[in-house]
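Order of writing sets the chain letters: A, B, C and D. Residues in each chain are counted from 1.
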């Protein structure tokens, strides 16, 4: 059995030694380990992948026992995550995830897709995945989100993927799924926050556009960044051309970020991610 | 003799036909032509490189005669531009330009280097290029700039290259050299305008940093962008590491932009560049 | 109506002038033009997009009349191309094309998919596109290809896209569809020609892998290259990891090449492409 | 004091634990550690950076004592390496290294430059670095190399950097400096091995060119690769244009590789590098 161990603690001499000592005592073989010490606040982060027979409880208990009290320890069995996808009308990110899921390459089970329009229903249902439309017309943001949450929660998803879900989420909604909402934004943040980033990019006359996948926090487009990719453009790209060209970067950036999240490679410290690739 | 012809005009049927008709009549052979029509305002831009014997005046006159009255026509003989470089203390961009100049690859004559510190004097003088230090201590911005201009103007440079010149320029200074000031900014604008962009980038936790070369206008870091390049970074890059890594992107981006400018490949429409590569 | 005009000829003074003269006389407005003169053999290539009412025949006739006799002229109405896709078992390239087609972004009509295995049938049939399996077991290459051609030809496709079709094609097959076969090869050619390029890449210890989309000629993996993209890898990538990571580059590179082909932006001179973007 | 510890051994349970146990016992604080297990041959590689007071000998002895007998242990104090540069006529790589050295950014002391032509003498001597020309005219390869080695060896360099040294080295020469010769080759190997890679690239019509920095072995251009970078090109690039454009990639790739080598981040297993960034 393959397990992932994540440790976070105030830095101290011996943290790697003590952690790998537990692995040694339980005869767990290390497949890979990565450490990082945030230099400003001297905070230690570690991810290890181990193979062996010991059970999760024993492993967790031993780690907690030997590591300093303030250490945060997480032990995960390597397995596909359960997710729900939210979308609006655009098919490129969702379609890409559906194809990866179909081919067994997503490392996740798509439990359902929830959208605020009917547009994507035929595409989703081709893949025999439940599609629910929760229209937002005539509803306040909070009322609409209450309905959405009623659809999400029975799935008990570990992550909710915003695959071009084009509505701003309320702090209440975000608070309900802390560090579990993964978004794709169609600019290389922090450039072009908010609506219509390709139009903003065109107006500014940039020569590079991009996409950013991030965890969602209260602050619009300001959550911890997981992955960013860019694409050169020229004066001959209209805002619409940029949007067309940007689709490929968006879908690849989202898929890249999800791979990292689903393999428990993303740790968060304040507003920054530590990514153990 | 090789010449570059730049034409800008309100779009109309026959502009390419009329322009190339002049070349045909003067037996000028086209090496390359590029056109672009700005679709919003229907504005036509064209760059042609031609080889042949006709003189510049005849060529210009014929083009003005046949093209619509509103057309702006520029005829340039292909040759190295005369430039002055401004710098502060950092050597990576300036050093890169000095090496290219030394190897005959800059497509420009560096007439002199002007800095507000003495730091770079030994480097510049190795290459037998005049170095002038105009310290800014104890001077108002305008008084300092007046002294700088006194040093620049006798050189009669066609372009002034800001190779990590770390002082903000006044609108008066900018107005004195319209579309002739080329700057390198150490972020992929419009992200991280202003001071200390690498610290800003670190704080935001971006996964991509970059550099932007642009023409300078009154508005800080908001001038028409010529070239942008990026570089991936990780959580393990401190702001200082980003600055170190960013140096290579800065120097290459500046050199790329200068190549385009010195070969008359950059046209400007409002705040956007048209680049004919 | 929007039309694309492609001209190829021995270089001579006045070719652009004469071509755009025809547009002028027919009151066709130029949306864009691009020219290239191959400097070794002085061969002229031009692509123009024009808008206006004249019919294709008149346009073609006038161009042939005014241009030198040796000129090759092609006039295309801008419209989706009719294509057939060939595949084997892998779904990433095919799936990506199916999603683009579904979203109306492929600029082509997929008339059918032909594979040498049944694996991909369920995926293709989700999208209501005819799927034909032509198994190759027990057949000689030529016999198998004869059966494949019987399936292809009734569709009368303009292009045949090899979306990870994993069998080598005979010169006879290639000759039947000159410049109409577009392939994706999973390496940055000419590195790692032939079978198992990711294993070859792993063995060589490269730090960059890539994909190449090219027109198919008799010579295995040696046809004119349309598009290439790359991806950094590290020592920690096994050959299998490279193959996984490479899928995204493969599908994006193929889609990029097809966009160029379907918009008539690819001209061929000997074994090299001229791409008018 | 900051030290770098490199460990290589047949994989076994407890290697990280035992290594970090030594650090713990000597009160050395880990700044970073990286491990890799080559999965085919189960070979373990580790790099650690530690801070603390223990002396190198004690550290080395303890590691050897506790790790399996077959383990290879290397302890390095973090400090600039002593190097000699070899070149021919081209200035872009050498000039870039001279500027970095001048700015204190190379992490190495350039003890001298040896070339087979006089061309680069003025450039090198500007920086007050000894330049020696060892002309090869009229000499056999081995005789010439014997003279070169007579110039190199008194410097006792840790690494020899081939900054566009355009002569093939004999196996004897290579054997004299095992894993200490770093070369820059002007193609993304293994494409375009040998002479005139840009011409080869032009002939093949590639859309991407690149550069490769590698350790030199007997086999021409086949040594372990340290770094590779690429650059898009188009049909309009002649072989000469590619060579011009390629210079920037060459110099940046070489500098990138040298940074890794000089910080003891490169381990070698057979013909592949393990790079701990």
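Basically, a residue touches a chain if its C-beta (ideal position, glycine included) is under 8 Å from a C-beta of that chain, and two chains touch if they have at least 3 such contacts.
This is a predicted model, so every value here is computed, not measured.
Engineer: Using the contact definition stated above, find the chains touching both chain C and chain D.
Structural biologist: The shared contacts of chain C and chain D, listed by label, come to A, B.
Engineer: Using the touch rule from the top, work out which pair, A-D or B-D, shares more C-beta pairs.
Structural biologist: When the contacts at A-D and B-D are counted, A-D has more.
Engineer: Rounded to the nearest whole Å, what is the centre-to-centre distance of chain B and chain D, using the mean of the C-alpha atoms as each centre?
Structural biologist: 35
Engineer: Multi-chain contacts only, two chains or more: what residues does chain A have there?
Structural biologist: 32, 36, 236 - these are the residues of chain A that touch more than one other chain.
Engineer: How about chain D: which of its residues touch chain B in the complex?
Structural biologist: Against chain B, chain D makes touches at 32, 91-92, 95-96, 98-99, 102-103, 105, 123, 126-127, 236, 244, 247-248, 252, 255.
Engineer: Residues of chain C touching chain D in their complex?
Structural biologist: Against chain D, chain C makes touches at 36, 39, 188-192, 203-208, 210, 224-230, 234-236, 238, 271-275.
Engineer: Looking at the complex, which residues from chain B come into contact with chain C?
Structural biologist: 13-14, 16-17, 20-21, 23-24, 27-37
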